[in-house]
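Each of the two complexes below includes chain A, the first together with chain B, the second together with chain C.
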Partner chain A sequence: MSGWAQFKAIVRKDLIRELRTRDMLVSMILFVLLAMVIFHWAFTVKGQTDLTYFTGGMLWVTFIFAMLLGLNRSFAQEKDEHCLDGLLLCPVDRVTIFLAKTVGNLVFLLIIQAVAVPVFALFFIERSLIGDLPPFLVVLLLADIGICSLGTLLATISMNTRSRDLLLPILFLPLIVPLLVAATSATTLVFADGAGFGTVASRILFILGFDAVFLVAAWGTYDFAIGE
Partner chain B sequence: MSDEHDRQDGAGPLEIEVEGLRKSFGRRDVLKGVSFCVPRGGFLSIFGPNGAGKTTTLRVLATLLAASGGSVKVAGHDVREDPMPVRRAIGFISHNAMLYPDLTAQENLRFYADMYGVEDREARITELLERLELSARRYDVVRTYSKGMRQRLAIARAVLHRPRVLLLDEPHSGLDPRAVDILDGLLTEIRDEHTFVMVTHNIAKGLEWGTDLMIIEGGRIAYEHAAGVDHESFSAVYREHVHDGSVM
Partner chain C sequence: MKKLVSAPALFIGAGAFLIVGLMLGFWWAPVDSSSMGFSQKIFYYHAPIAETSLVAFGVAFVAAIMYLRTQDLRWDRLGYVSIRLGLLFAILVMITGMIWGKASWGTWWAWEPRLTTFLLVCFLYAAYWVLRSVVDEEQRRATYAAVFAIIAFIDVPITWFATRLMPEGLHPAVITSGGTGMESSMFASFMISMVGMTLLLAALIRRDLQIETLKDQVTDLKTSLGG
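What follows is the complex of A and B.
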């Protein structure tokens, strides 16, 4: 059997399960929409305010907390139904499990963002975003890879603990801050100033480095992380 | 390869070799130097009270737990140094079905078939579902199954890739009589082609199937014997070696 076939099998299984139950997606979408509505009413309570310099922060804080909801769910069933044992009994490289779980989480995050970004633009951006989309989408995709790789690694570690719902945010939030800062400032520069690739290049490189560090860290430690 | 190693008594090549197995969880020593071997085609029944270390032994054999000391070989491969061939060689049936409740029976089996690289996937799934009397429910999600049906599907999951060694952890636990019959029928069919290790509290079943019997108590082997012991004698031995002494 090939690692690629096993990778596809795990991703397919997670997608089928989630599209059938929607227990991750529904809670994540509801959270994102609720956060948008609250931000909108909170910032416009005294009439029209220019929010363009808040956009990056609002967007990424919302995504991070929505992803925390999803990460907790993504391993809950594997553990609760002892399916993780079934998965670990299979002759599959543990890194393949990590990559498949990361890609599954990435797909769910992208689905959330496909719903959230248009709503966000409607509420908070007063000009057309068409020209800003290429740098924004690059920042979005690279930051998502970092969020999902770090999140999947930490969700795996916390899954084996008694207080997994508490441990995941305690581990995840401090470690994701550097990526969050880079993604937030890049997004704000794009939305507020119409910055192009040249302006946000250093931030994109930083996010790329972050992704590489945690992908390599997961590569080296996942066998231990997913074990006993 | 060591799977060609012959037993000293000439009973055939060894499929499972455990030497001085130790396992600790923190400061708690669960296994304190367990040694045994099972020849190819053998059936080892392991008895013992709760917490004796039976399931831990099975989980180390299955590569689900790392040993703290000693050596364990399954199908000629060290479970720590070379776990992939071990995983290909074993099937694990537990009282936990290890099935995804929101997938159908067919989707569950397809997933595991892909993970094991089963080449005749659809034919094999159909064959097993028919054999286990689950064909009519193959498109239903597992969440809607009874405990007995889930356990039957768990058997299909475990034997899907035609393993050489079957590890059974309380396989009869929670089964209705019909499911027990089906499980026993399947075990009878595949008995000659496989090596088995079964952990059980059910002395009647353990004696019925076992070619070798073992009692683990407090992380150590308290008793070992070849099959041929009657229920009454073995129950007496069990009470003698196990402090709580309750037998089924």
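What follows is the complex of A and C.
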């Protein structure tokens, strides 16, 4: 079985397993929607309801926390049902497992965002977003790749420890801050000021660099993280 | 491993350089002509600690790579003590930075790039400690710690760049690509303090390594005695 076929098989397995139960996706979507409602009440001060300059922050904080929920859940299932042990017994390259897991998580995150972003726009942005979508979608996709690659590596480590889901945010959040800063400021620039590609180019390049560095770092270290 | 310099000699050397550096900083280097005035003197202590803490994390990064290559627990021990000391130095950077901030900007805390970077560095390496504490098996703990130490060290410059995406900071950019922006007496005092602080780090790493090795030997002895 070639590496590409193995990669497709693992991604397919993860997607089918989740789509059968939908436990994780439903919880993540509900979490994201609830967070938006809570943000509305948390940030509306003295009747001032214009939250335009909070949009980037609200969106990315929600996605990061939703992803933490998803990562914990997906790896807890793998561990508890001994899926990973089975996977490790197969003659599969560890890097293939890493890439497949990352892509699986990326698909889940994108499904959540496909539901969350239109609702978010409805709740918080008063003008039409159609013209602003291209730069936002590029930021979204690139930031998602960084979140999922780093998240997959750290979730693999944390699931093998005593604290598991408690450990993941402690490891993940300080590392993801640079990406969060860039994605948040780019999103706010796009949503609040209608900025185009030219204005957010430096941030997009930064996110691209972040993705490249951590994909390579995770690629190089995943073999050790996943163990024997 | 052959010991090139004895531990007491390192401590004495570090102490001498630090005392001379601070004395020169206070009495030889002029009072800063900018708005910072006398409060700038903390720079001879604050900046060397900051750079030394990054050196300690760099040592841990190299030790982590070496551990993953060799699986020799001595490298894990080096990484562990380096990060412990690096974190201690990073906390000192925060404290001295806040004191300086209060004296020269009138506020204990400002969200400016370097201070924010060090705050995140503290969180990052505190997470390393938490990670170590929740893995029982020695070899696995060392492996996870090494992977995290590599990722964390890569994240430090990236965090610094990210903080630059925030609005302009208050922190003085002392050493830039255009030069040091310091008088020669100030620079000499700073460099002497810097050497002193690096020697202190080397001395502390060495002492901590000895302690950790002794601890492991005691554990092995207890195990062999059935304790």
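Keep this in mind: the second predicted complex is superposed on the first by the 219 of 228 C-alpha atoms of A that agree within 3 Å, B and C clash if a C-alpha of one lies under 4 Å from a C-alpha of the other, contacts with A are read in each partner's own complex, and residues count from 1 in each chain.
Everything that follows uses one rule, which is that a contact is a pair of C-beta atoms (placed from the backbone, for glycine too) under 8 Å apart; a residue touches a chain by one contact, two chains touch by 3 or more.
Computed from a predicted structure; not experimentally measured.
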For A:S185, select first, second, both or neither according to whether it touches chain B, chain C, the two together, or no partner. second
When the two structures are overlaid on chain A, which partner does A:I204 contact: first (chain B), second (chain C), both, or neither? neither
Would you sort A:I226 into first (chain B), second (chain C), both or neither based on which partner it touches? neither
Which partner does A:V177 reach: the first (chain B), the second (chain C), both, or neither? second
Output check: A:N160 vs chain B and chain C. Expected answer is one of first, second, both, neither. What do you get? second
Could you look at A:C90 and tell me whether it touches chain B, chain C, both or neither (first, second, both, neither)? first
Figure out whether A:V213 sits in contact with chain B (first) or chain C (second), or with both, or with neither. second
Residues of chain A at both interfaces, chain B in one complex, chain C in the other: 227
For chain C, which residues are in contact with chain A within the complex? 68, 120, 123-124, 127, 130-131, 134-136, 140, 143-144, 146-148, 150-152, 154-155, 158-159, 161-163, 165-166
Using the touch definition up top, name the residues of chain A that touch chain C in the complex. 150, 153, 157, 160-163, 167, 170-171, 173-175, 177-179, 181-182, 185, 202-203, 206, 209-210, 213-214, 217-218, 221, 224-225, 227
For chain B, which residues are in contact with chain A within the complex? 62-66, 84-85, 87-88, 90, 92, 94, 96-103, 107, 110-112, 114-117, 141, 157
Touching chain B in the complex: which residues of chain A? 1-2, 5-6, 8-10, 12-13, 16-17, 20-21, 77, 81-83, 85-92, 227-228
